[in-house]
């Protein structure tokens, strides 16, 4: 299948190029960049030095089977007609088609310029939307913080444990979440070693979380010193505190057949709970929990690589589902150990 | 096949199991102590906490 | 004044040596280590290479004005008679004398071997106990996570905002919190780049927090990739949501005369909220907050250097108060910028 | 093919498990650990959680086609009879069979306990020994610093540019080079952020370098803040200074058909020269150079992942060659971008 | 004394503000920034939040006793008349007045626009120019890499060991060396975890090194993952190899009375040789060496904090000497332990 | 006062010195073994190398 990537000079765009070019069913034929047009993809992404491909301008897109768009919010809604014309399947990584209604965009973003296409957009997480994804032709890949949160809380939502519960989500993310641009705050001297509240309140991912889980959460995100990775710690105070057995059952029911969600909790050794470096480079979401009986609290941990399960990997996974390909195709990498701060 | 006392998943056990041996559950990772062998019975192994200054 | 440090080869002990030796009123005459006895203090702490002092054995302590004890929990309670005999003022950095009653030790620790001395111990934070500290002769320096939490939430407690509120504390800490020992989990390859839940529930600092604030909190601590620093994010859902003005007033009332607490919130630039690297090496606690009206939540951020305000700095500050010295003596360092992951 | 790994709980052993289990021709049937016997491999190596295998004791090795040994120096020489009995091909990652003669072991190590096997050992780098490797049954995988150095300097050696030249090699390595054990010097607080001379002179890899290149080098290694990676900067003062064209020719002649050596020099963008993070997780050695006409110096840069090209990857590569399998089998991963400090 | 800082919003300018404001003889009265004029100094430098000062525009400089200029190369030469008019002592941190002659500027930089002032400039290192500094009124603070190199090699130069020797200098530096600006290459995701050759050959600090030591060196600089710090490893092949005793004598003679140079070599423990994190935040240069008898090589290690001994600290030290103040005034901080990657 | 065998600086020694004790030179940091006490004689202490995988 002929596959293109818009925004290929960016971080998620580069990750898509990596995944698509190693995918057994995909051929990477187009990778766009305005800034680096005509340069080799490897000149920007050193891991793709072996790729025999140069960036082209996004105005020069040709017919494709699949088009991944990894541009800032707003770009896809502006070009959606054109993109859907060019490609049978458009997978967008921005927030442009994640929410179900124009009203939600008005509330959380700056309005929507292509509202007619909103109903076609399917939220990409196969763990929640596997059936709607089959045959979809406009897919909206989720936000990375939202993905970590949704996957962590989904079992509790399904088991009714979130009904009436107070839920706080405290997220820690790496610097790649900011994309390849980056101003003073993301320069190495300022960004190294931080535990920096960057979205104390009002994070727009709350909209997706609420939509997907049906629960309102208090959400705060912190930048920490890693490049890849997002970790969500969800503090849940249920109306009725469940037992550990109930929790295991809820998590296992939800995920035992999921190829990309692993339960990690209570194990011995160094890696007892989900943590982002254990999933770096992979499409896994590791989720786990602990019961705090004293305080009537369930603590859920969820860890993903924001470049993978949090964006490019999720997008390819959803495309696989939509196209009826083996779900795990192109997403087999299991990660590294030891690994520092990937 | 024996159930993990932590998560309820089945734990695959090797043959010449001995009482006192520690195995880990491959679902939840819980360390389990073999408290009996015929039939195998597993219990939570005593935990060794990381030492964190406070 | 003649000052000694027990546990001087450790992390907080080394920090105490640094502070004491540069303190205008203190003379560092004794620094104990069993492992490094007779070696220069500088051979373990490279920043103290200029110090003309060798470690001595803790059995050889002589008369002192002040003795700081930076040994693991249990050591001070075992030697408390001896220490108080030797020194007019004993400042202990462990948890041995932090709690008000033997019952609390039975609940949270493994019992207490010198319960008669418990009533004499004064919790070290001058922001809460300045008056009791004056003239104290047994001081219990607080836990670092507890300190960050208590200082963050104190203004809300004083203003009644915590009454009936749900409170969750999500802490991120550096590797020096584990002390100078360290097994596999704190080796560089395993510890780098982590966001690792290390105390998901049941952290013993809950006891101190509850004692000092009168409120029960759901507490979870994560190891992150820095060496010095502890950051507490406190998510508070008050019964009645205060306004931003009320919050500012609560924080200012609490801290406007405090030399070591700074309010940092809403400022522009890169450093808008408290973060540990901005206080590294200093005795400051930076505290700030943000109101989440949508979710009826107050988010409080608190950042300290666990080696300073979280242990050695707090101990010296308390000693200054107890001895009637200028509170800030020996604690004037203002930190560095830029600084990476200190 | 049935493959086993001795020392599988260690760093290079874990990497071998990862590579072998994903290798199209290999079946990982045995992974030994004395400390973790009967525990799942995934309990130590979180990236291998999906592997359905438990550690066994090294005394219980069964018949194998290939045995990789990733134990400390000395273990293989002690067990070499047994290992070669059990497996048709033994690939050792230690230094036990790297040097050509017993005399060299006496000079650089503490003597050799199985000198009869020394002649059978083939140094693993296919770039230098592809022909001897075909059909070998005892392979000695090279040292990581030596590998980086040898691959960097080989083109100059072949082109005669090293004859009579002064050569200094200044190496920077990550913390995984120290293996999974680790004392105080490799604890996170002490090891973070270092530029630490750890082998100023007399590094034992000089022996391999001299043997493979026929040139004596002044060698110094520094620990720097990364987990994976070794970078060698080779400062060469040739008797006669070559031109840039000569240098390109030397490097291209040497490596143009090599699947795992890439020439990286003078390119634009951020990644202009070889650097370890661009090869992390891969089996590539990136090599490049710059001519310093003013000082009559050729500077060669060489970067590898010490876990891969510097150990486990090199070992699998050599095994592939020895067994007549596709050289790149199991070694296709191209690395990540962006990536922090992997 | 009334002191001003031009370029106070930058990294070295911020460090100067920190040092000047805590200096017993200095009053920081002016800190310029064009971008942040009228904002508080603390809004850019969070460690200076306690400073009651706002940035002013560099056009509005008033009479001063001392003016430190921490602007990019070229600014001081353009404004030198004005600056010397305003202030009795001008200390420039750029390269504008470091070299002895206009010819050298033509060779290494882009010419000089105020050549008449070149003869007045005194190179700031008191270890080399203490006498000329006394009473100087134009001081040129040295380059950070040059400073590390010069201080490391000076004892060998004085002892004649460099005469006819081959000298290679391999430097590792932190990200603050690039200043507060920073493009893609210094963004956190790209700059983290690097060992990146950034100046393989032709570094302009060679000019200073040659001028100060009278020896030509092959110089290569690498960016590594730290924020503060520069470490120079100097590989020296003397015509006649000295003994260890000769070397100790050379180093001790050179530095035994120097307040800011410490000899660190051969010690036990974790910190055996100079390393940047042990001097972070301080004005120390740690220097040490090892003899490589096998290769006839002397390896010299030198470590500084580029923000301190490599720029702002050196500048204040030189100003202290020029003004006849206690040399160590304002430079007493001894650094931290443990400390991560400062 | 005794000279350090590594760097030649004088090493300050405490009183009840014992043979076999290790002290470090405060100039060069060399670990020194006390081989005699009256008068004190110091020699280089055996070094414990960091273990680095290779």
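A, B, C, D, E and F label the chains in the order they appear, each numbered from 1.
To be clear about the criterion, a contact is a pair of C-beta atoms (placed from the backbone, for glycine too) under 8 Å apart; a residue touches a chain by one contact, two chains touch by 3 or more.
In UniProt terms the chains read B, F = Lysine biosynthesis protein LysW.
For clarity, every value in this text was computed on a predicted model and none was experimentally measured.
Q: Chains touching chain B and chain C alike, please list them.
A: Chains touching both chain B and chain C: A, D.
Q: Pick from A-B, E-F or C-F: which interface has over half of its contact pairs in common with B-D?
A: Among A-B, E-F or C-F, the interface that shares over half of its contact pairs with B-D is C-F.
Q: Averaging each chain's C-alpha atoms to get its centre, pick out the one most distant from chain E.
A: That would be chain B.
Q: Can we say the copies chain A and chain D touch using the same residue numbers, with more than half in common, or are the two sides different?
A: Same: when the shared numbers are divided by all numbers used, the fraction is over half.
Q: Which chain has its C-alpha centroid at the greatest distance from the C-alpha centroid of chain C?
A: Relative to chain C, the chain with the farthest C-alpha centre is D.
Q: Pick out whichever of the two, E-F or B-D, is joined by more C-beta pairs in contact.
A: E-F
Q: Approximately how many whole Å separate the CA-defined centres of chain B and chain E?
A: Once rounded, the distance between the two centres reads 59 Å.
Q: Indicate the whole-number Å distance between the mean C-alpha point of chain C and the mean C-alpha point of chain D.
A: 45
Q: Compute the distance, rounded to whole Å, between the mean C-alpha positions of chain D and chain E.
A: 38
Q: Give me the residue numbers in chain F that touch at least two other chains, ranges are fine.
A: Within chain F, residues 24, 29 contact more than one other chain.
Q: Going through chain A residue by residue, note those that touch at least 2 other chains and give them in order.
A: 11, 174-176, 180, 184, 188-189, 192-193, 225-227, 264, 267-269, 272, 338-342
Q: Considering the complex alone, what residue numbers of chain C touch chain E?
A: Where chain C meets chain E, its residues are 11, 14-15, 18, 22, 39, 43-50, 174-176, 180, 226-228, 262, 264, 267-269, 271, 278, 280-282, 307, 332-342.
Q: Per the contact definition, I'd like the list of chain E residues that touch chain A in the complex.
A: Within the complex, chain E touches chain A at residues 11, 174-176, 180, 182, 184, 186-189, 191-193, 225, 227, 340-341.
Q: So in the complex, which bits of chain F are touching chain E?
A: These residues of chain F touch chain E: 6-9, 24-25, 27-31, 45, 47-48.
Q: Which residues of chain D touch chain E in their complex?
A: Chain D residues touching chain E: 166, 168, 170, 172, 184-185, 188-190, 192-197, 200-202, 206, 216-220, 222, 224-226, 229, 231, 233, 235, 237, 270, 272-277, 290-292, 294-295, 297, 299, 301, 303, 338-342.
Q: Quick check on the complex: what are the chain C residues that touch chain F?
A: Those in contact with chain F are residues 38-40, 42-43, 52, 54.
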